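Shared chain: chain A. Partners: chain B in the first complex, chain C in the second.
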Partner chain A sequence: MTVDGRLQAGAIGVETVGMTMRFGGLTALDAVSMRIAPGTVHALLGENGAGKSTLVKCVMGFYRATRGQLMVGGREVEVPDPKSAHALGLGMVYQHFTLVPSLTAAENLVISREDAPPVIDWRAEMARLETFMARMPFTVPLDQAVRTFSAGEKQKLEILKQLYLGRRFLILDEPTSVLTPDEADEVLGHVRRLCQAGELTVLLITHKFREVMACADEVSVLRRGALVGCGRVGDLTRADLARMMVGDDELAEPAPRTGVPGAPVLSVAGVRARDRSGLKGIAIDALEVRAGEIVGIAGISGNGQMELMEVLTGQRSVSAGRIRVNGSPYGATRREARVHRVRFLPEEPLHNACVPRMSVVENVGFRSFDLNGSGARFWLSTRELKSRAADMAAAFRIRAASLDAPMSSLSGGNVQRAVLARELTGTVDLLVISNPCFGLDLTAVAEIRARIMAARNSGTAVLLMSEDLDEIMELTDRVLVMSEGRIAYECTAARADRAEIGRRMGGHA
Partner chain B sequence: MGRKRGGIRPSDSSLAVLARRAEAVAVPAGALLAGLAAFSLFLLLLGKSPAEFYALVYKAGFGTWFSWQNTLSRTAPLLLAALCVALPARLGLVVIGGEGAIVLGGLACGALGGALSGLPGAVAIPLLAAAGVLAAGVWIGAVGALRHYRGVNETIASLLMAYIAIALMNHLVEGPFRDPASLNKPSTAPLAEHLRIGDIPGWDVHWGLVAGIVGCLVSWVLVERTTWGFAARIAGGNVRAALVQGLPVGRLVVGFAALGGVFAGLAGVFEVAAVHGSANASLAAGYGYTGILIAFLARHNPLAIIPVAVLLAGFEASSGLVQRRMDLPDATVLVLQGFTFVAILVSETLYGRLRVFTPETWGIPR
Partner chain C sequence: MNGTELGLWAIPLAILGGAIRVSTPFLFVSLGEVLTERSGRINLGLEGTLVFGAMSGYAIACVTGLPWAGVLAAAGAGSLFGLVHGLVCSLPRVNDIAVGISLMLLGTGLAYFFGKPFIQPVAPDLPALELGWWSDLPQVQAALRVNVLFPVGILAALLLWWMFRATRIGLLVRVVGDSTDAARAMGLRPAFIRTLATAAGGAFAGVGGAYLSLFYPGSWNEGISSGQGLMAVALVIFARWNPIACLGAALLFGGAGALGPALQSVGIPDGYYLFYAMPYVMTLGVLIATSSPGRAMAGAPGELSISK
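Here is the complex of A and B:
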């Protein structure tokens, strides 16, 4: 493969013409015609389920479009599979890294080639890589294991890998979701310069308006599978973009905030624990959540939020410190959770809070199957499980083909509603939530946020961990920022400053 | 992209219920047939007639009252050994060392038999059974504890501990516990006549069959109809979900593993007290390993273990006749078991994929 030869060919334009994709009766993509000019950054905006991923999967050859054509460099092409897309110079960088952590950057690059020889002449390859890197506007250390890279370096390597493979049109799928704001700016800056230099065309999938405004030349907006708007970024305002994305849908208004915080419910003092890797520690010196308030923990994923959730749910042991709920020591046993009415809503509930193979009826019964009034029961009552589940399904509008169907057959929003129904039925003193709206559509998001606010207003102490700063700003009374396993910053929501929070998330004082 | 669904339907129609239930029967039954078909090809390669083979298996396993009694005698330890796989499996543990628990259960019973021979049978037999059951329960319970508290792979640990148990038995029956009168086959002293467990009246089958069937029924009720069983199913299905619910996962893992060991130990007790009369190397007869196959065929459902164990016991009962009549080595039945087991493991990938068994996909176009 002549890596250099391909790069010199420069950026290519891509155009979809009347691209339509049907899955059974559902039209996921409805006659989308979109032109991405060579050497530009083109942003693709849309809600979850708007058809963004279907569109790029059609372009990359993962799906065969029901109707419509794809033009690459002005010629109509057939892309029956991802391999042919790669041959045309189309590449994709996924939201999550596809690097081998234990290998060095150089090794990752060489093995990613389809024509990597069975025996690799490392000296020759390294020489070629050095020349390649010398031509790039940014580099990464070639001889270091990817494991030691920061998230930003990994994302840069992913982009370098695509260039090394000779790709001239890149789809970046939410490339900054695991980066700090500074890293995100740096990576997108490099991407932009590559495009301006005419080496690359980029289709940037994102839901951050800020990135669209700062980095993209043009933008297209999808809603319910249809292209609802496009234009030059300079001609549009954020408000225009938001209106295009959401349409005229009436969303549940953010619930009003009523009442004032009461007595402390959760207090964490001097807690120390190891993190996932076992190499770093988490250290929470003082954290208090009072009745009737929502405390938000902001932070980039991987800064100890998951570990804090695991400590609170009893999945991770602590080496020091005290956790108290309602003034009594709390060890996350079922009895303590029941006495103090503590409920949890972990992220990705299907994988962290449900048994996918068990039925909906059984899954929503996890909190109460062993309760008979206030006493314990030994014999399982299927009838009671069923009637409780029917009540919850009605109250929380869980939509399922049947409540006897396995939990895994429900859509994401309905799994979240089912788990919320289970955890919010009855009086709740303390609710600990992590990323409750990940991957849900706007209606489900609005409904779930309203339920959380309603719980707060009725006197529940809520601890909300979220990677979505907008969610934190909308819901919380107080904001904490978690960075490197510590609480790095605290302020009231009224005085919260987005820029300051962003800096603290990145670990800058 | 949520697929469009109908409104709330509180529960399944009877057809849908039937479809969900049928999956658990049809898939293993299909796998069993596929295993038998593959084995038929193997026989054809050897130049033998599959038809003759299956006719002989039927005759020797199920053809006459005599062969039924032979089959049912072998069923008893298989039922109990299968429970030693099925119960931990509901917690997500793959325990394959039931053989060790059988051996230890039998050894404890045989070793204590002499000391308790002064007591009347009605007192001594329960004590012997308790000793065997306790030893085996602790053994497999330890496998569960190693897994939960130290992260040791339970499959490997249980297999290696089975080897340790067998070596321990060999050491003890050849050394400290050896009956000097046992010359060719080192054994513990034979149990006194009044400590033996006899046959079910009118049958040539010992009481172990009843114990095994009762064990299966009790296990089914425990798993499906009690809150403990429900908690175990949560922990087995997703341990993170169980921890978030504050369920005592450690106690459940150790408890269910130990209960599995208890049943396997009971099999060893019956082997000594009802079949061999003393503990010796015959205890390691491979029932523990056939139990693995049975539990997987029964999808770890204690009720389904009963018919599957009878079927597999029939296969084992026929190995002698097959060997004599068809001039096949006695390992032939093991080959058959192997084919079936591979088919079962492959069939695990079919669950939830066949539309006819998944009512929630009905009416959604492909």
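Here is the complex of A and C:
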């Protein structure tokens, strides 16, 4: 079988020599020379826009580099398109899964092959897949639709697919962003073992220092398109890496924690709701957030956090239970949100908290455009809207070409800042946040976390749902773990234990 | 023996016969729509394709004297309509639903225009299988007089089901229908595959039309279709995009449509027109019963504009 034949040839090394990529006047990649030795895990670090994706797109043949060469296995090669990269044994696992949800794992594997037969003899294919799987360090259920897979299983299948296709150099683009710490450790551990066995070379794009330290042999750091540092992981500290990534920019320091928690603001009792598939549900028996504290909800995505968020924002109806804010029943109407000063920063704010095609001015005015002091107004005041938007943009450093530009033209970090500006303006009693820093660079992350901490210190009750355990550990006063739609564990942040929380996230008691 | 001796048994018998007779066009159109929708597009124009298929099939059968030539012509005309839909929808920022509606109107309009001279002449009928030969009862014989296209349709349903499961083409159609991103990452051209799937789907709808004009009711006129092309779209959702379930759904719809005439045949004329509305009432009922405000439709192809 060709697949076997190519695999046995083992890992290959890849080297870029003076790789330069210009888009018009912009130099996205500036003479990057990087050597990735066969059979190693090489981490590639860098902020958003540092040139990581440009570099790997040049390697994979999506872009043709303006200057510079690519060496594969010690020989200079031309990669005009992704197909020829694949033929050389280069493969990439994207941050967003490229599996087809309604197909089974086996169907996904077979159809991804260039030489998939016109009529598929499933008995023979399954037998061949089983022998392939038997040689792999990890496996997935072959006959189940990918839709039913957890994120970890999908990620494993993506990697298996690349091996099945005979790739010997793999680029993993933030492979653990959707995994639990345990799953991440497991997947990366397998990847590392494959590399040590000499079957695979991996270029790991990540922004998690923990993963670099735990899994990579060598690391390269890009900043503004240039290679600013590289070396063996053992010789570098986290501080070194952070300095290389951010350069001389100062990161916003989170304000110190002050004050003690006050009266309960949000209390949820016995809430039941169906999830998106309608097959499972969430059941929150008791949840309380007090003024001046941050309660974190950790959990793997798909364990009901999104549904809980939607229940609180009013996007999902409940079948039973009570939600109270400041002691009175809360049904998530606009009026109630205003009276009780409840604000939200949902995940994917461009879709859940904005109208993408309306302007920034209009979007940041949603909380107040129809208010005149405390009463309602009929005629809008464009001038007032604009001046308020300008104030917010200045205070929250929203960078937009123009405040009249559509919201969808802003970068992810700026959308996040704009929504946060809208939601944190004025007094806030309750702030509900979901994955506020997903996909943002270090500078934006630090700033947004500082704002959340400042809100807490001024007496706001904050409920923070996040898949990033580091974020939960850094920000919260109390940690809850959600698993299978229920709150499975609770502890104070002071006594929180990373390993224990990780186990609870995975559903182990 | 006569109808009164058969007693109330006449009702299920008439419903069965009616179900088989009426369901065939539903079956073909819905199979075509399943193929199109599995590739990620909706073709609402199949009603127009059906009517145009009925006209062109009848016309060619008239001219050549060969009913099967008519069926082929209807399939060809149908695939042409599908091709137009597929090509237009491959242009950027074109909405498949809007294109479908305009093609539906274009198809019926063109069929009336070209079909005027064929309202009078009589075309040869498609052959039927006399599956009721074992019985002396004329009702049984009439009910089991099954057109050849019905078993062909059953075969097509089984073939489509097998194709989606165990052929490269079938899997590729499902890939582009479920995830454009995954298809692109695989180096496929989604628009190309969708266009071909829509063209093939149109051919199915054309054959459904030929059945109408060449067997039941068996003549060409402007009122030949009573919305089967549109109902088939609802039927596909009801059948959850599964070709074999389409067969069951088509029979169910056909049976519901035959309820009125069946009751009339045993002398229950009350509510005749109400029973005529049965398939439509059933469609509404089924769609309401299987809908849910909180959850996405199970089995819906991911790239469908109605389920995105």
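Throughout what follows, the second predicted complex is superposed on the first by the 472 of 509 C-alpha atoms of A that agree within 3 Å, B and C clash if a C-alpha of one lies under 4 Å from a C-alpha of the other, contacts with A are read in each partner's own complex, and residues count from 1 in each chain.
Note that in this section a contact is a pair of C-beta atoms (placed from the backbone, for glycine too) under 8 Å apart; a residue touches a chain by one contact, two chains touch by 3 or more.
As the structure is a prediction and not an experimental result, all values here were calculated from the model.
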**Request:** Would you sort A:I120 into first (chain B), second (chain C), both or neither based on which partner it touches?
**Result:** second
**Asked** Touching A:S102, do we find chain B (first), chain C (second), both, or neither?
**Response** second
**Request:** Could you say whether A:P82 touches chain B, chain C, both of them, or neither, answering first, second, both or neither?
**Result:** second
**Asked** Is A:A197 contacted by the first partner chain B, the second partner chain C, both or neither?
**Response** neither
**Request:** Determine, under the contact definition given at the top, whether A:A37 touches first (chain B), second (chain C), both, or neither.
**Result:** neither
**Message:** For A:R274 in the superposed arrangement: first (chain B), second (chain C), both or neither?
**Reply:** second
**Prompt:** Which touches a greater number of chain A residues, chain B or chain C?
**Reply:** B
**Interfacial residue positions of chain C with respect to chain A in the complex** = 165-169, 171-172, 174-175, 178-179, 181-183, 185-187, 292-296, 299, 301-302
**Complete:** Listed in rising order, chain B residues that touch chain A in their complex are 1-12, 16-17, 20, 224-231, 233-234, 237-238, 240-241, 243-248, 352, 358-361, 364-366
**Request:** In the complex, go through chain A and note every residue touching chain B.
**Result:** 23-26, 28, 49, 51, 54, 313-315, 332-338, 344, 346, 351-358, 361-362, 366-367, 369-370, 376-380, 386, 390, 393-394, 398-406, 408-409, 411-414, 441
**Prompt:** In the complex formed with chain C, which residues of chain A make contact?
**Reply:** 82-83, 94, 96-103, 107, 110-112, 116-122, 274-279, 316-317
